[in-house]
Amino acid sequence: MGLIEGRFEPNIIVTSTDAIFNWARSRSIWPLTFGLACCAIEMMATNASRFDLDRFGIFPRPTPRQSDCLLISGTVTAKMGERLVTLYEQMSEPRYVISMGSCANSGGPYCDHGYHVIKGVDQILPVDVYIPGCPPRPEALIDGFLKLRDLIMKETIAKPSA
Amino acid sequence: MAGYFKDIWLGVSTVLIGMHITFKHWFKFKKAVTIQYPHEILEMNERTRAHLFNVADECAVCLQCARACPVDIIDMQGIRADKDEDLGLLPTGKPKRMHLIKFDIDFSKCVYCGLCVEVCDTKSLHWRAPVEPCTFTREEMYKSFATIPPDEVERLIAFDAERKVKKAEEMAAKKAAAAAAKAAKAAKAKAEAEAKPAEAGADAPKAAKSDVGEEKKETPAASDTPEKPGTPDSPDAPENTPKPEPDKS
Amino acid sequence: MSEIREIDIPVGATPQKISQMLENFEDVHGERMVVQMGPQHPATHGVLRVELETDGEMIMKATPHIGYLHRCFEKTCESMTWQQVVAYTDRLDYCSSANNNLGYVLACEKMFGIEVSERVQTIRVLVSELNRLASHFIAIGTYGLDIGAWTPFLYLIQEREHILDLFDRLCGGRLLLNYMRIGGLTHDLPDNWLKEVHEYLSYMEGKLDEVNSLLSYNKIFVERLANVAIISEDMCIKYGLTGPNLRGAGKKWDLRKNEPYCGYETYDFDIPVGDGEVGTIGDCWDRYIVRVKECEQSMRIIKQATERLEKMPGDDVLAAIPKSMTKVAPGEIYFRTEHPKGELGFYIVSNGKKFPWRLKCRAPSFSSLSVMSAVSPGLLIADMVALIGSIDIVLGEVDR
Amino acid sequence: MTWLDLLIAVACVAGVLGFISVVALVAIWTERKISAHIHDRLGPMETGGFHGWAQTIADMVKLLQKEDIIPDAADKPLFKLAPYIVLSATIASFVVLPFGAHLIGTDLNIGIYYLVAISSLEVAGILMAGWASNNKWALFGGMRSASQMISFEIPIGLSLLIPIMIVGSLSMQDLVGAQAGGFWNWGVFSHLPFAMIAFIVYFWASLAEVNRTPFDLPEGESELVAGFHVEYSGMRFAMFFLAEFANMFLVAGVAVALFLGGWHAPFSFLEISAESNVILHNLVGFFWFASKGMVLLFIQQWLRWTLPRLRVDQLMHVCWKIFLPFSFVNVLIVSLWIVLTQS
């Protein structure tokens, strides 16, 4: 959790702080520079000039400590799954997970026969947004980030009502 | 010593050349190649594998796509239409003979290889322009393309079941008749009993051939009975509502 | 943790010399530090883990650990029909899927004795050379990124986008094409496609020179790569390095010339080899520049192929595709093609049934990776990054 | 010390802090925009409307309220202290930077000497961060940074000696004042070509001082993941981030003050004399100083997006075998020149 989450009752100050914080969080999603497989190439292409994720303030960071979003771009194997969980744990709150492509969503082409492939990354991590595609086209990836933005805008730092 | 200065000169000159190139790119910044995606949408090509879509009215329910799929994500089911029923024509010109009661695609597993679209004769399964929408849950990626409303599906299933029962009864009757006749002409009746079901099957050989998996239980039979209203108190849930599919693994 | 100590390295010393030097000083060395590079590291091109034993910044030992992307390609293919396997070969080396397709379909066609028309062959050459271009652009671009130059990477990805657009028009896929079939292709060429390829070729004129002057001949870049991680021809053959890595070591070996397939013998192109222009033959820079030069050669082939196709009468690209592959001829075959990363070989055994009985893939990246532990002693960490980039591995292919 | 003095001092510090934040925010935004345009893309476009002007504000607000992670195995006091040291060294250096005739924190008589001394305090912070993180990549980054900064201090010091010798003072305002009256009087054009060489050496060495490409080894992304700040998150990382960009402006500011005429306009008619309006005089001076600083900042960023990164041994080669001999010869010749012309 961040510094001030879940301490205050919802009131006028909290809601206006919410508005500012959510604006800042959703406008500055820094994903981890981390490619797993085929989707990583498409992720690179989306970061590059043609589609330019930087327009939305999406700016890849090499270290999990400074990133807000774990973009799982590719097949997650059982061996990699452990490391993925470690990476997720190293990220600071608030953190989000985007599952990109069929492999991450459900094992994709390897869902039936891949004994070493995790059938859906939601088995090991809490996924916020799923992007279908194999690999998703850059438009789909941008859509995914926009969906994540919508999701962040609904957050509140107020105490969850019991 | 000459090498030392040459190195410095090379360093300085190549840095300047590089700076010249990047400056050229910077200076003509009006011509950025970026497509501002949500504001300006890139036109998709005819063949772009963006969004799989099946037009239920044009689908021949031949199950070719389900068989071509490397990951078996197409879950389809059809019920043979009644003989008198007119379902329109397929794009290939042949009359549509099957009700498509279930056509579900699990997009979370789709590999977008295009094998299913290739084998589709009627081109009812095709790619559509906007990219597949992102979802917040895995279940939302499970999409259904069958257009028959749930109560109609229930009716069709009931009708099909009834048809099966009728068929079975018919068969039983025939068998009984054969058994009765057997007393009189044992050898001849036996041959007749064998020939009749074969004739019944020959009426729709294609449909019989294409039935796989869960449809195997339904026997293709040409029944003359008219349509009957479906039983409203059927315990079966509607078949074509998207349901979260439990993970197979 | 050892203390960081400065070691006198003569400028331009070979790794062998350095490791010899280090042996002499072995007794004064303190404790070595073990650093894990990867699986999440910006320079490992995916999910490779390299266990580095370092003394300060100098690497004493490097052990690559693989298997983070093991997707059971070979086993999965045993449960796929012959045509479905093509979709899985896409995902071997995802940077150059058409070349993977080509290797597989050619192997199968040879095994089953399927003859395809000349037009189909030419389209295949055209598409796979375009994809070789795209793959090399990624290799060159990410190499620049490894060395610290961002801009060439973005320029090259930009040029690559045009190729992807062409592919998108051709078969609908951007990255994973799944375009070839045993006996043919999925689609015929769309209208005006060849014209677009021509336009692209004229657009690309001079672009590689720009990359050369921005990156290849930049003094800093040359200094970073010249005389670093030298892999000699002898070593390449010993470790099974092929493709640009072998050619970078000065060996003129290209399957498109030496064992022509798909009509490559009729095309006019050269085999660029490393000649130690700025350092020793077989250093990182040579391996790098071979890729740049290969791009030019690929463009030559594309040009010739396009011109041929324009003159050729159209025919049905689906004609030779077997209608049913539930029963095929039994047999076995090993067939190799020149892939952007090296020699891609497919060993396929058919027992006459619907599925391949066994499918073994000889992945070039896997062999390239094996040389790493042999050349890395004596390199600095920054050189290690240069080495990984220069052998151009794709983990999808290494782990399969 | 009266109350008024204290108030002025506080106002100075507050002004410097505010200025640093603004400069860093603008510098980060321009960096992103410049890099984008060099790459033929657009850079931040969505946040805040016009060309994403609010992008860095969003980044900062987000970073400030992120979770603050201190690794369990870290050396906690040092880990917490390091960003403050880096930032405070930066702030302390800004105090002697002459933004205008009167816009200067304090015009020390040893201004430039103080600046060189205090800005090297930053190394301590970075080394501390690298060590305390208990991460091998961070340690590499810290050690690289220390060796690099300590080495490059020498050519920097030697090249700064040139204008100091020419002017004969260590005070920043004296150094700037000597360059009044048009661009041909600027430090960079005196004693041609030696002051020019000193300027070039200073500019390149200052890139190493602020860890910019081609000398960005301490945080070389493809080698050391993120270098010394690999374990820092949230607010503490924001401090490093802020300090890095403020430092970029600082070294540019020093170059402007010593070599490029400080707050003087390139032509004297573009200035407003202090007699007619003191406030306007200062503001115009500030404008010239900031714009010259921004031009240098642009060149820094331009180099950043053009060049690859050097290796450790090559970095040392560049420092000790190229910059240092050049600066020594430079100092020798200029001092001889001064001695000969003045006697």
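For reference, chains read A, B, C and D in written order, and residue numbers begin at 1 within each chain.
The working rule: a residue touches a chain if its C-beta (ideal position, glycine included) is under 8 Å from a C-beta of that chain, and two chains touch if they have at least 3 such contacts.
This structure is a prediction, so every number in the text was calculated from the model and none was measured.
K.L.:
Across the interfaces B-C and A-D, which one involves more C-beta pairs in contact?
P.N.:
A-D
K.L.:
Tell me, please, which chain's centre (mean of its C-alpha atoms) is farthest from the centre of chain D?
P.N.:
Between chain D and the rest, the longest centre separation is with B.
K.L.:
Roughly how many whole angstrom separate the Cα centroids of chain A and chain D?
P.N.:
Here the centre of chain D sits 35 Å away from the centre of chain A.
K.L.:
Just the number, please: Cα centre separation of chain A and chain C in whole Å.
P.N.:
30
K.L.:
Taking each chain's centre as the mean position of its Cα atoms, how many Å separate chain C from chain D?
P.N.:
Spacing between the chain centres: roughly 43 Å.
K.L.:
Residues touching two or more other chains, restricted to chain A: which are they?
P.N.:
Where chain A meets two or more other chains at a single residue, that happens at 33, 48-50, 52, 55, 62, 109, 112, 134, 137.
K.L.:
Two or more other chains in contact with one residue: find those residues in chain C.
P.N.:
Residues 42, 87-88, 151, 154-155, 158, 161, 176, 214-215, 218, 220 of chain C touch two or more partner chains.
K.L.:
Give the residues of chain B touching no fewer than two other chains, as numbers and ranges.
P.N.:
Each of 15, 18, 21-22, 25, 32-34, 36, 70, 111-113 in chain B touches at least two other chains.
K.L.:
Would you tell me which residues of chain C are touching chain A in their complex?
P.N.:
39-40, 42, 46-47, 67-72, 75-76, 79, 87-88, 91, 94-95, 138, 153-155, 157-158, 160-161, 164, 174-176, 395-396
K.L.:
Spell out the part of chain C that touches chain B in their complex, as residue ranges.
P.N.:
80, 83-84, 87-88, 90, 151, 155, 158, 161, 168-173, 176, 178, 186-187, 190, 210, 213-215, 217-220
K.L.:
Please output the residues of chain C touching chain D within their complex, sorted ascending.
P.N.:
Residue positions touching the partner: 1, 4, 9, 11, 33, 35, 41-43, 57, 144-151, 154-155, 158, 214-215, 218, 220-221, 223-224, 380-383, 385.
K.L.:
Help me check something: in the complex, which residues belonging to chain B touch chain D?
P.N.:
Within the complex, chain B contacts chain D at residues 4, 8, 15, 18-19, 21-23, 25-26, 29, 31-34, 36.
K.L.:
Going by the contact rule at the top, pick out the chain B residues touching chain C in the complex.
P.N.:
7, 10-11, 14-15, 17-18, 21-22, 25, 33, 45-49, 68, 70, 111-115, 118, 127
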